Amino acid sequence: MKGFFSSALARGLFWQVIGTLVGAGLVTGIRALMGLSATDTFFFTEPAWVLGGFIGALSFLVGSGVTGDWIKWARGIDTPDHHEDHHTGWEKFVNVSLDHKVIGIQYTLVALVLISIGGLFALIFRTELAASELQFLTTDMKLFGQNGPQLYNTLMSLHGMVMIVSILLGIAGIINYVVPLLLGAQDMAFPRLNAFSFWIAVPAAVLLLSSLFLGGFDTGWTGYPPLSARAPVGMQMFFLGVFVAGWSSILGALNVLVTVVRMRAKGMTAMRMPIFVWASIATSLIALTATQFIGLAFQLVMFQRLFGMGFFDPAKGGNPVLFQHLFWFYSHPAVYVFILPGLGVISELLPVFVRKPLYGYRWIAMSSLGIALVGFVVWAHHMFTSGMNEYLRVPFMYSTLLVAVPTGVKFFSWVATLWKGKISTPTPMLFVLGGIVVFLMGGLSGPPNATVSTDLHLHDTYFIVGHFHDTIFGGFVFPFFAAIYYWFPKATGRKMNETLGKIHFWLMTPSFFVLTFGMMYIGLIGMRRRIADYDPALGIDTAHLILTISGFAIALSVLIFFYNFFVSIKNGEKAEGNLWNSRSPEWQVPSPMPVHNYDKPFEVVGEPYDYGLKDAGFVKFIEEPAKGKH
Amino acid sequence: MAHSQDKSSALGQGVVIFVYLTVLTIIEYFVAVSFNATSLLIVVAIIKAALVMYYYMHIYKLNEADHGDEHSYAYKTGTNRLGLWLFLLSDGFVFAGLLVMRANLLGLTRPHLNQFLGLAVTAVLLISSFYMNRGETAMKYGDVKGFMRNTIITFVLGLGFLLGVVLVEWRMAAHEGLVASFGNPASGPLGGVFYMMTGMHAFHVFTGLIFLAVVWNNARKGVYTAEQHWGVEAAAVYWHFVDLVWIFFYPALYLIGTAVQ
Amino acid sequence: MNFSVKRVLLSFLLGLVLAALTTEISYALLKKENREPMVVELTIPAGTAEMIRAGEAPLEIPKDMRFVVGDTLKVINQDNENHQLGPLWIPANSSASQKLETEENLIVECTFQAGSAMGITVQEPVTWRTRVSGIFFAGFPLGMMFAVYSGLVGKQKKKEEQ
Amino acid sequence: MDKKLMWIGGGILALVAIVAALSIIFAKPPSFRGTLYGEPFPPAAEVELTKADGSLFRMSEQRGKIVLLFFGYTSCPDVCPTTLAEMTKVMNELGDASQNVQVVFVSVDPRRDTPEKIQEYASRFNSTFLGLSGTQEELEPIWQGYSIFRAEVDSDSAMGVIIDHTARLYLIDPEGNLRLSYAYATPVEDIVHDIELLLGK
């Protein structure tokens, strides 16, 4: 453990604490001078916590050394382009590395940590919901300055946002690891920015989770004012955590876009890029531009709480519906940011296990772009009941239903790819097929929420909860597991255990269907979202009990995955070659992947997915060591 | 548009563009004071933005074909330039969000501000943009001394703008009842919108000043040459971007709509 | 993928036209409720005051009225007594008009209605700006969809020609 | 100076000129914001009371000046002082145009408001303001003429009897006709806008 305490992560966390204390101390001192109250229920006052949290996040970054090179550049000192990682083994992942493969794994590890924390919150409040009446989150219970139902609200809200941040880190993990390999590049366009984007997510996660200990908040992950303008201090930490995490998403997207535009292999034209690269472009387009709006919406509520600027306070002439417009302008495209990489993984892996070309490659590529671009103009379908301009609800219904078209194109091409294929089902393929079916359930339960007349009844019921759990599991969780099982050998040179993988799949998928269909069922009966308790007369106690059991079953299957994941790193079955015999360039070199990816750059000579056609190679390595792509 | 002119005609072009921008700003000011034409103010702002983006920020360099050797400085500069412009696009969305907020909360009303001070700070920022262009053009032709002189002038004018807004403007606005917490509800969110928009812009001016200082210091140490001066171009384009934002914020806060107490 | 600007503009045009068709037709059908602001006239016939005092309800005056923000309510008082409708005060034999600026839904004091009260509802208007933004919100994504996919259809033909 | 820039400069000026012309043509004529009385304008009911200095005030003699008339009483807790304060703001906003605007404050409480007391109360806000009172018989027809509703409510507070009364503001044009009326708490800008529009004509 000695290596941990000298690692960048430890130094960063240490400096985050110092920075928070310094920032909070500064504000407390100034408040004392101005004769304002210096302390509050959670020792520091709210403004002190906000500035402290902000300076703490910045201190983490400087303390961890990830901004070291930039500071040198500002002082006019040039730095070598390639940092040789002088850490080995697990220490590599707790220190600053510029290698996109290490950063990809770091992203994935933090995503898995956050998905477990978010899942744990879900299990807690799922246990409470197992039966009507409050069992253990009762009103006279007290924890972190919150009673039972308040704690329920905080856990429910944090379950939402922690899972969302874990998804953003999860897709960043896959994209960062795989895209440079698919393009034939040595690394991302801006390696230091890539490391910065990862390391900024760690203090953001700390800030986000600290809201639980600072009085929590009860607004759900959306943080609507006027309720969010009156919630405890924890609300500010939630806003700050999401605000900082947003930077990671923006800068990561920028890096991906520049890498794809500037660093493709010779001969890789737009229509010969692997399909996952198209999905990464589409997702980055949204993340680069729309994320600012959630940052701005949260910043406005923070300033309303800190300085009394009444943006969303009707008494001061503000307009709460404006917050919803700003918030959803990001948050709906954000759900397309979550699923596009997952759908890209499905399209990438399907041909490998079906030994057949991907049907309609160009149509799938354009559909990713279609989903991303149309996704920008649909946000108001979250606000049909919010009193927005009634006439405009119908055009938003049209644009929302329109998004089903590119999604449909993807489905038809998957089915056509599967048609008459020689289908083999190792674990990655199981998760791909599982992802397709689950995403189909999500897709089918979407349109009833898009049409105004039905949405007025379904809004804020468990039907919506069932819908988006289907789309998020189908669009991210299943493909995320598929990607890990598929590229694990490329990263470690060892295979994850097949039987454990199959147990994980066959335990998770059925219980997941029970969970989401159960949610939709009780939603139609009248179960509302975000409530700690429900009316026994609804008669859905047994349904809730079944949901809780399936929730625990999913948790168990994920534990099995973790066991399989960590055990296989050291003593998984050796798998150094092209074990899925994929045509993709990264599998043409032995695993684990060398630090500088391709010693000899390759040239694209064929179509990426011509499986089954004899001697139609996709890539050919250029023998004479021409200038490597840097 | 011949980009490979000699130095004097490049500087001359900077002057012409500055004259166009000044004339348009004067038109903008008198139009708003005499009769209320929101659409005209928006058109003038867009024209000024297009001029700055094409001539001062030379956006056309984005698709200059430099697919030569991947390790060359030129290719890396091309990659950096694309990265910078994507960052400016994403930062632009923040300011677009602020304009949406202003439109939604204030509609056709605006805070009651001192028009003379508004025009003064706008002029200062425009002139600083002009000297930034001269500085960057000087560096493009290897005149490091010329670059450093012009950058100092840009820095001083930029600092003047920052102090003008934060110290003078905010204090005068506070006296005229535009306090951030606007005690009486009747005054509506004027204070919040005003302080948030000018505050976010002032923060970007502040980071622009730091950027200029760092680049000036590196130039002093001889880091940049006529062929390799990406840092200078980055600082210049970022500074013009900050001016570009003010080209939209100035009418939105000072000119469009009728002043409300 | 031939990224010709002409094809993209055509796609957006087609998208906006189709959206305009759908939204305008539905607007034409729903014209009664959501409409442009206009001048709404209300006449108080002579002798209404006596009728009210005698306890009868004047027939032509509606129990409650529905307006749109931006409407101008013009009350013409042909009675030879002053009348009042909420904030509006109309002296005898003259007319008064008031622009309704805010959305509201209230019961106001009314001297020329039985029970001396009248319901006034002012709802959001559907101005040409709302309709144009409706067309944009429906048409822009549709046009985007055509633009994204039309690139593929076109290329198919060129590919056969090679 | 290369020719292309000249063309661009010319193009910009042309575009600005066209948009300016269009916005002038389609500029919406300004409309009144208060309750507007239609043609033929109802003549303002006569107000005839003796002023604090003994001279006689007649509404019909105020030709050539805009009169802002409203009703209240000196011990009024909130409506009257707020309206008077707003009238002061109106006069400041109008600047030199305020010479041909006369604010008249008529009492609804003849028992306690003597002409001297109400005039002193009004001039505390602005020296040009006119406070008028009189006997019950003199005030009765004036209240009737402007449909002023008044009801005495005895509250136990120190102010003694509270009088609920209509808080409408009447605007009478220089020809003595009733042109506009405003509900209580109409924003000052609207009143100033209407007066400037009326004077501007």
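Going by the order they are written in, the chains are A, B, C and D; count residues from 1 in each one.
Just so we're on the same page, a contact is a pair of C-beta atoms (placed from the backbone, for glycine too) under 8 Å apart; a residue touches a chain by one contact, two chains touch by 3 or more.
Here the structure is a predicted model, which means the values were calculated and not measured.
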By Cα centroid distance, the chain farthest from subunit A is D
Whole-Å distance, C-alpha centre of subunit A to that of subunit D, is 61
Subunit A to subunit C, mean C-alpha position gap in Å, rounds to 43
Per the C-alpha centroid definition, the whole-Å distance linking subunit A and subunit B comes out as 35
The positions of subunit D in contact with two or more other chains are none
Contact graph of the chains (line, ring, star, complete, other): ring
So the touching chain pairs work out to A-B, A-C, B-D, C-D
Subunit D contacts subunit B in the complex at 1-2, 4-5, 8-9, 12, 15-16, 19-20, 22-24, 27, 187-189
Contacts from subunit D onto subunit C in the complex sit at residues 31, 33-38, 40-42, 147, 168, 178, 181, 183
As the complex stands, subunit A meets subunit B at residues 74, 76, 189-190, 193, 250, 254-255, 257-258, 261-263, 288-293, 295-297, 300, 303-304, 307-311, 315-319, 322, 325-326, 329, 627, 629-630
Residue positions on subunit C within touch of subunit D in the complex are 74, 76, 82, 84, 87-89, 91-99
Listed in rising order, subunit B residues that touch subunit A in their complex are 69-71, 75, 78-79, 82-83, 86-87, 89-91, 93-94, 97-98, 100-101, 104-105, 180-182, 185-189, 191-193, 195-196, 214, 217-218, 221, 223
